[in-house]
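In what follows, subunit A forms one complex with subunit B and a second complex with subunit C.
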Partner chain A sequence: MATMTRPTPSGGVELHKRTHPVRRDVVRALPLTPAVVLLLIFLVGPILWCCYAAFTNTALTGAGSGDTRFVGLDNFRQAFGSDAFWNSVVLTLVFTLLSAVIGQNVLGLALALLQKRATAVVRTIVGTAVIGAWVIPEVVAGYVWYAYLAQDGTMNEIISRLGLSQNWLYTLPILAVSVANIWRGTAFSMLVYNAALSEIPQEIEEAAEMDGATGFSKLVHVTIPMLRRTLTTNLMLITLQTLSAFGLIWTMTRGGPGTKSQTLPLYMYEQAFSFSQLGYGTALALVLLAVGAVFSVFYMRLLREDA
Partner chain B sequence: MRRRTLLTAAGLGAGTLFGAAACGSDDSSGSGDSSTTQVAFQQWGSGTVMKDYLTSVKTAYESANTGKTMELVPIVASENDYYTKLQLMMRSPRTSPDIVYEDTFLINSDIQAGYLQPLDSFLESWDEWDQFQDTAKGAAKAADGKTYGVPDGTDTRALWFNKRLLVQAGLPEAWEPKSWDDVLAACREIKGKLPGVTPMNVYAGKAAGEAASMQGFEMIFYGTGSTLYDADSGMWNVGSPEFRDSLTLLKTLYDEGLCPDPQIALDAQVSTRVGEEFLPGGTLAIALDGSWMSNNWLDTGGAPWAEWADVMATVPMPTRDGSDPGSISMSGGWTWAITKNAANADEAWNVISTLTSFDNQLNYNIANASVAVRKDIAADPTYTGSNSTLEFFSSLVPVTQYRPQNTEYPRVSNEIQVAMEAVVTGQASPSEAADAYDDAVKGIVGEDKTTTL
Partner chain C sequence: MRDRVANPVTTTPTTTIAPTAPVTTGHGRGPRTWVGTATVNVVTAAIGLMFLLPMLWVVFAAFNAQAGLKVEWPGSNVSLENFRAVLTPETTYRPMYNGLVLCVGASAIAIVAATLAAYPLSRFETRYKRPFLLSILFSTGLPITAIMVPVYGLFVQLNLIDTIGGTVLFMATTSLPIAIFLVKNFMDGVPISLEEAAWTDGASSMQTLRYVVLPLMWPGMSVVLIFTFIGLWGNFFIPFVLLLSPDRLPASVSIFTFFGQYGTVAWGQLAAYSVLYTLPVILLYVLLSRRLGGAFTFGGAIKG
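Entry: the complex of A and B
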């Protein structure tokens, strides 16, 4: 008859030691099997199919549909040789950098800093307005901005005296959708920075002030260095969210005019569904995944450097 | 302890299996219930011609065949989206309708994808099939020689114009352009004399879908005497100077402001707006459009317009320089087809033969202002007397051209729309857009199937 005794640590770093047999863990996990199986089928299944389809010529109609064949890297070769593809990659990078990395990030931080100093009333009003923009459905946000920026939209009515009336969605499409995305997503950054700022101890700020730090240098030399981890995490989250933004751009410009606002998700949708080339579309999806992975690796490096 | 673990594992495993199996035990075919026939069609814009037609056939069919029902499945989508949604539905037996409304240009592609089933066995024993014109019978014939659809009408394309607006601009009421230059001259006159009026509409861009390829580009391009595809040699035309010329004409029209603003022209609603808003409202003088246009203005249409026959006139679209045969038209048409996954093909055939029977198709052709494909309907006085423009559009049939009967045509058509949109938005010059088109076609059909025709 063996008695179970907790193994005594031998000193140094203590690793988590097993206190009961593996079998008990397995038995305890068994009730989860149906849920896990369902998750695997519905979450992992489509991803696996996507990886498979990217190497075939599957299509919604025509030869690719009746006679699906394995085509290896042809879809990727076609992508990298296509002008439309590179156009959409450039537009995606412009859109992400402009609206997420610069726009939402800076505005979110600014709002969080200002909210710290504001009265409760102002804080509530601003908070509600910003979060309200975030919470409304994507299509509604798209239509609101479409109505605002179109030829006979509100923006033109306001600035008509300045003679600058134009259809902003036609002349500056990528800028227009970037502004709309900043409006929509700033709330997330603001909330993240609100939380992070409330963690900075008061004493450090007071100490900096006593040492003679003015507002701006306090911001740069005290607040932001303390926020560095939050900054990187936030950037990573909003970059990945923005890379896959589809509904907003589709509702506002449909990728147009021509291909001037056709980011990678829109190009992918057009090829997969409008032009029925599912194989090519899924290959583009994998490329988008790779772009996201590159950004993630970059941000993780930044995070690790200041651990 | 060990036995209990084993039993637990076995019980949970079996439970998972049963649960998963129960989720997937639906009927595996079409409507699931073989006494219901599902009929899918496109519903877009405010016009309800097709919906009304199907509803009236449904009531008659259900009262004549007790126990059987027709379920109408409207697919609310613009042109290109309709095709995509239909294809997605047909891919799975669980979602596939029994009868689908297929455009003839896409039917070859869908046949190759394996979505439809041949109707030859049904057609052989159908006494009304011989009433269909020969060209109509071949409209839904695949490369394997089998027929997959029954056409419900065809169409031709020409220039619609507002007589009053043209007279106001100093042009003759019986305007008859003989070349592209004549058309351009008239547009410029209208632009100069009538500032609030858009001279002409030519569909361009991806949002307009096949309308841009057919009513827009091909009406111009085929008027040069060239073609997209040579069926005898099986070669697609690339590097064509006529292709560039056609794009240049389009660029001229849009650059000089003779066509609607690109922002309107590149919107998915444009074909509805032309028929229901611009032409009746008198803000558009000339429209390069199809024979069915007047169905908008009938009492049954989306924008009833009592005086349309007095205000609107029609004239054939001229060839580039008036060379033989002087005018050009394109013809298409839609068909009713049975999907491969249909629950009950015999029942589906019953419905199709009812839909395309003399009486029903006569009513539809009148409400839709289609050109008849049945000889008996074409000769029927109710039909010929129903619409003053029908005689004109039927007279274009001898000069009409058809789109390439090739499974790759839909993809090539998409590239035409891309080229048009690039030229209209100024993103590319006509030769750049034509080069991009050539590269795209070589990628789609293979370089060995292309040549300069």
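Entry: the complex of A and C
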């Protein structure tokens, strides 16, 4: 953090002296300014435009490209009446639950716990492998798994004796992309849990061991409750990231075969950019945001119970 | 307590050795511990192998002049031909340099802004805090593909299209929500009691942030830096839309055009390029993971 050497010019020197409450709040909020300005210009502005465009027939070509009209809820009606839309919603939920909530989260926590006890050599090598999978850029990861699961790929080579050889990307596309996403994303959860585990005070673990707690019971009654805030936060972050995953699925299957792995972001991309229906596409973006909001509210509830 | 608050920076290096010694092993409690450790090692190694297997293809294929889709030991085909083919200014050097400029700039802006923003969010209570944090959370899940259309329009309006500066700012903004959230949570882990001591000594909140809080949350900050940089390094969609001149495109975009030529994919060259493209993030991780080893200094500061 060499970049943090200078305090902000109007830093709150007065902070804890007796100042007027409103002025104090303003001074305290000052460090938020750079972040808020960036977010307002580059994120909130475009989102507001999305909210407007979702209720219009904005299009790049064809009907609606010349005169953009307000069409009310037509885009949403079109979505809720379309099989392709519901297909993509179901696939998105399956993909998110399988790869983020279950896969990345459980495997990440397991790895963090295992690494604490493993010998240094094993810990280093395994940590490197898991993190290696994560630092590989999304497009490359997509092709790594394309190669791994293809008809003449490594996976089929390994299981050739079992007679199960098949082109996994065609037979089980959503499972294939989910496994690839677990492979790619687990390192994030692992790193978060590693950091959180290291912050659990040593004496608490020692006290639990004194009381006779070992292995599984220590995990359930001591470690996990200590991690609850981290758990919930991590779940929320990886859920939201997975909901909008695009590059990995795109490089592996392009949403296919047919629409068998076409999650909501891919459906949205197809509608907005391939078919140039920006209005409909942004309506889908709003639906995606709503799904994210539902998940977030659920996790927020968990966090509140915590406090 | 006071001493530790006054010089947390100087105490850091002396305690970094702590985590390298496994805490739970070597208690010498007889065969049960030994069997337990062995099981843990085997299970961990098995998981690691599953992560390693798909990746082997990239490494082997990169050195194999006749690479296919299978993991194959290059054997007699081993050569640096693939690297020779892609190591040209147009294919590798310039995109790599552009990518570094974009990602270093955007990560720096994002982390400074996120740290400044996280401090009041972590330390002070106001009624606006919760709604603000909720909105930050929602925006972490924002499908960037969806807002790229209005963002493109905005960049044309502001005359920022095809500029490195504008792209850096937008990339920084996309990683800001998650960075704010992570930094804020790691900061919550630093007990406020340490700062109160510094405040009594007359330090300003920016001084306590710099000299008390940040030195204590290095592991967290390293995680945030790694996460931000890697996310940006792998992102192809933003520069793809916002940058037009071929000589400004970063590695993430040129690899996409590489992959885009369907039917004529030279798998070996692709793998070689992937290896080169992945190297910078691996270097960053290796450098920072040494710092991550300092995680336990934190525990020391609380105990005092």
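By our rule, the second predicted complex is superposed on the first by the 265 of 307 C-alpha atoms of A that agree within 3 Å, B and C clash if a C-alpha of one lies under 4 Å from a C-alpha of the other, contacts with A are read in each partner's own complex, and residues count from 1 in each chain.
Quick note on the criterion: contacts are C-beta pairs under 8 Å (C-beta built on N, C-alpha and C of every residue); 3 or more make two chains touch, one makes a residue touch a chain.
Since this is a predicted model, take the numbers as computed values, not measurements.
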Between subunit B and subunit C, pick out the one touching the greater number of residues of subunit A.
C
Check the residue A:Asn167 against both partner chains and state whether it touches subunit B (first), subunit C (second), both, or neither.
first
Name the contact category of A:Gly258: first (subunit B only), second (subunit C only), both, or neither.
first
Just to be sure I read the superposition right, which of the two partners does A:Glu138 touch: subunit B = first, subunit C = second, or both, or neither?
second
Touching A:Arg228, do we find subunit B (first), subunit C (second), both, or neither?
neither
With the two complexes superposed on chain A, say which partner A:Ser276 touches: subunit B (first), subunit C (second), both, or neither.
first
For A:Arg23 in the superposed arrangement: first (subunit B), second (subunit C), both or neither?
first
Answer with first, second, both or neither: which of subunit B and subunit C does A:Pro34 touch in the superposed model?
both
Go through the superposed model and pick first if A:Lys218 touches only subunit B, second if only subunit C, both, or neither.
neither
Mind sorting out which residues of subunit A both subunit B and subunit C touch, each in its own complex?
31, 33-34, 38, 41
Subunit A touches which residues of subunit B in the complex?
5, 8-9, 12-13, 15-16, 19-20, 80-81, 83-84, 87-88, 91, 106, 109-110, 112-115, 206-207, 262-263, 266, 268, 407-408, 410-411, 414, 421-422, 425, 427, 436, 443
Could you pull out which subunit C residues touch subunit A in their complex?
19-20, 22-25, 36-37, 40-41, 43-45, 47-49, 51-58, 61, 68-71, 108-109, 111-117, 119-121, 124, 126, 134, 137-147, 149-151, 153-154, 169-170, 172-174, 176-178, 180-181, 185-186, 189, 199, 204-207, 209-210, 214, 219-221, 223, 226-227, 230, 233-237, 252, 255-256, 259, 267, 270, 274, 277-278, 281-282, 285, 295-296, 298-299, 302-303
State the interface residues of subunit A toward subunit B in the complex, per the touch definition above.
23, 27, 30-31, 33-34, 37-38, 41, 59-67, 78, 83, 151, 167, 169-170, 254, 256-260, 270, 273-277
Using the touch definition up top, name the residues of subunit A that touch subunit C in the complex.
1, 3-5, 7-8, 11-13, 15-16, 25, 28-29, 31-36, 38-39, 41-43, 45-47, 49-50, 53, 107, 110-111, 114-120, 122-123, 125-126, 129-140, 143-148, 150, 152-154, 157, 183, 186, 188, 191-192, 194-195, 198-199, 201-202, 229-230, 233, 236-237, 239-241, 243-244, 246-247, 251, 265, 268-269, 272, 278, 281-282, 284-285, 288-289, 292-293, 295-296, 300
